[in-house]
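Below: the structure, in structure tokens.
Note that the chains take the letters A, B, C and D in the order they are written out, and that residue 1 is the start of every chain.
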């Protein structure tokens, strides 16, 4: 396959970014865009006169002149669209989360495997230079033993009409956790509340791993300030990744812990406010989605397994399900199958 | 009583602040300081030649020339020292938390009531201008209905030798929650882990109130950066209190929530990054402990009930107990008696 | 004129933004793009298949099917291109600064006036919501008397090959000063130095107005961190505009000044760290260039005078010249003609 | 001399810090405090019952039981008090600036030399861990050639009754410049303005050194936010010292400069926002004045020359004079004698 011919389904918030990126990378070409709203399709036409527009997704999926479909529609439509695309032999890139349930995810990934098609979930953060750098530092052993992962992702968000804040925001953090730690937690429990409508708008997720490693994720649609901060604590060093920083997004602290055994030392220790140095490695300012789209094209053309494969997306949804279930039961622990 | 004669027990980290403040406020005088370490006592003598020093707390508590005792020793010693002081007819100001268990707290507060003595717990944050301002704004109704309280209190902390991170740091947040919301949660659950020794160094507390109000507290001794941030979310406005800010510690956001019912509006909303104004009221830069010590002297001399009375301190300890218990059971919900 | 047919000359750093904006606004259409580099033209063709590309600017300027020309080329080429376009009866939008000298600027603006053509300089900051908000607040009288304007604009910048840091960065600040204060300073003096090649990479500009109003501009290509901060100080209130803030770009402080006449008050005053409140008005997150392009189209179609007219651009260049001349003479004061 | 017996003259804003530090360090003892205000003396007595108080400075200076005098009074009184103390054979530590004029400074330092007495100016910043760390890094050659020094020191300040903002705040920056660069500039020019009374409240100082090194200092009493930031730019690395940061006060950037010779590269370079890493060395959190007082005691007892000697203080005042003179002449260049 010389050039991957891509159709994009959904031209709302994220779709334009998919169209723009697939338009500009080598090895791909956007041939069609589908949306239900004429106003959006008119915008496509204005921007990309050479791209075909349509309101009929089914016809698009059946079109033999299309190799791959990028889906950026509400979550509730993912299963049908992805299945339809795979059925028609198309490779698929789909917005996170992969589907509404782990059951559905499993069916989709099995279908993709059976048809030898690429199924990739657009967990964009995995393709950021910052997360890649965190991974590189962690894998080098520089952090020592991992102690904890802590993420805060809050702002005055857009309420989704079909999913709560866990399903909307936590896929980012859960995908980063799975990517970094390379294993599933043994159990999950969560808390949350809804205030505006029946969908929960605030949630706190706890993930328990072996060896006392814990991960915590705070997602919030009702916060006055935007926070995007992840802390990865290790026995030797700790990383803070603050995505709101214009530069210096990733900082590595070589701070250690000093145990105080004698009371009279308490005063002296407290006045030392830094015990080691910090450094911030250079991070390339490439658009994550650009890297993700290039990765997708590479996987399609070379038959490689995506970093954020259907199986990866299925694991994320397993965690979302467990957290959601626990939240609705006031924190009852949910075992997670590996 | 013209001047309250104060003895300070414990001259470690916090004791010097107590001595300094009681030395300088009207209506009080520091007459004696007790510590187990000669080195610390020598320091007292150097700084305050007129103050008596001693290693014998019991003799101090029995001294008729002392009206009140301020206790800044490890938590495990609080019960015996406070009881001893009350038994001897002394008014007591004691470091938070009041004691190791709610059972002990109850005995102390009953003893104080029986003896008509002031028992005040030094929940310092209640006496900060920032928390007082939050309270004032909240009580004015400006925030609308309260939705949530979220606190993060992390840094590379000093490991206590006798209590875990919940008992060390969470008293601050729990006291602020009780002060602002004026009621106990109906239930608590928590997560945590220990990495350095057997004491938990990271914990996440969930407090469930009626009407979907939730509170969450993240305390962490193993964090590379110091964070002291509280968000109080309401239906009309939200407050962010960042204690690490040199000025503008309290910010009030009049951001609201816009529900999106039609998919085509999604794009337009997301690009509006602020929907209302923010203001930061002036905050007086007075030392909280100064206000606290003055409040204690006022309560002692006028027989008033402290804001952070023995009963208040007992409620905090009930919450600490519940959270600690839940944490050790991987988040099992703990009902809290009102 | 129903739709303004725009040609864009120069598709380097800024040109793509011009093409994108003129492509999407009502009332305009990009019909051609000119650049000297085939690689850039190929990119245009990829993105905008319907737009004509060319390497020949002169032919473009002569094309009767073009109504307006947007010029985004190096400064040294501005004079010839703008003159050529005006000679051919085209309306012109040109990158800042308008030309290499005030003499050239004067000729261009006279030519535009004689031909009744719109000549607008793309001083983008004037079209930001933040600067518009500052203007609105200032004009309301809320700040009281204006005391000073202070701007810092630094980062590890791109060295221009044809102009120094004053000509590259200071047009932003000088245009904001002229827009806000609505008058020329009476004199200018400056300092600067070159370290990498013969072009000055750091400069400090002082502008003296009547009534003790002073303005200061610090521009720096060699700074490790990016700063974009303007302070506008008044007798009643002060504005801080920090363009690096993701939100809350504009803050209004109602701090005042307290004169200390008695020495013993010194201590008490110093410990008050805030004397009034601060507020941050909501700022629309629209792209400034979008507003600028719309303004240009409106001026062209309705014959209105642009906010950043040729005359405005000429005044900016007068100040650039004066500052540059002073800098090369170690700060000798330069009177500025009104 | 076993213990240096210190008298402190002036118990306003800074005096209490001197008394506290000299009280606690080894090798010194505060024996007397002088102030003109009874209220302040009463406070001394309350805090330090063993310290003698007096309103009569002359008697104090003549007291044979005093070895050294620390002077924290308004600048206008420095000359008489320092001369009086030196005349009486006392070592002297005096607040910055040393005196009102370089002429007076010269007389004082010659008097100290003639009498073999320690004369030290309390340029506190030289004793901060941050400035010491900057010096260490600079002296190691890590920064390469020094390009520039840039300092901003602004806040809503306390108006002094006897000196303008240059004499009040710039001594900090000028002392740091002299300490780091180890040489005098060849010339100085400045700008400033007064708005509240006749004293200038805003000023911008330019210092010209050989080899194109420039230093710039912005001091401002009328700013709404407190800024304390110094940038030291070198050919290899650059340091940012932000004193308002709670931790990470000093950051070292290994950013370099990339010259762009070919226009088509412009776009690619601009999107790289960091080109090297940054690190922040650990800084000890010791009080600068503590180190300064210890240094003074060491100089007194061992006859060593202070880092901030009378001669050092004289150089600072030479620069203050030159800057002040230039400011009053709208920036006329002032040659500085080495």
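By definition in this document, a residue touches a chain if its C-beta (ideal position, glycine included) is under 8 Å from a C-beta of that chain, and two chains touch if they have at least 3 such contacts.
Being a predicted model, the structure only gives us computed values, none of them experimental.
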At the largest C-alpha centroid distance from subunit B we find chain C
Contact-pair count is greater, between C-D and A-D, for C-D
Cα centre of subunit A to Cα centre of subunit C, whole Å, reads 39
Subunit A to subunit D, mean C-alpha position gap in Å, rounds to 51
Expressed in whole Å, how far the mean CA point of subunit C lies from that of subunit D is 38
Residue ranges of subunit B touching at least 2 other chains are 225-226, 246-247, 275, 278
In their shared complex, subunit A is touched by residues of subunit B numbered 12-13, 16, 36-37, 39-40, 74, 147-148, 150, 152, 156, 158-159, 161, 187, 189, 191-197, 202, 204, 206, 208, 212-214, 216, 218, 220-226, 231, 233, 235, 238, 240, 251, 253, 255, 257, 259-261, 263-264, 266-267, 269-270, 275, 278, 330-333
In the complex, the residues of subunit A that touch subunit D are 246-248, 271-285
Within their complex, subunit C touches subunit A through residues 23-24, 46-50, 225-226, 244, 246-247
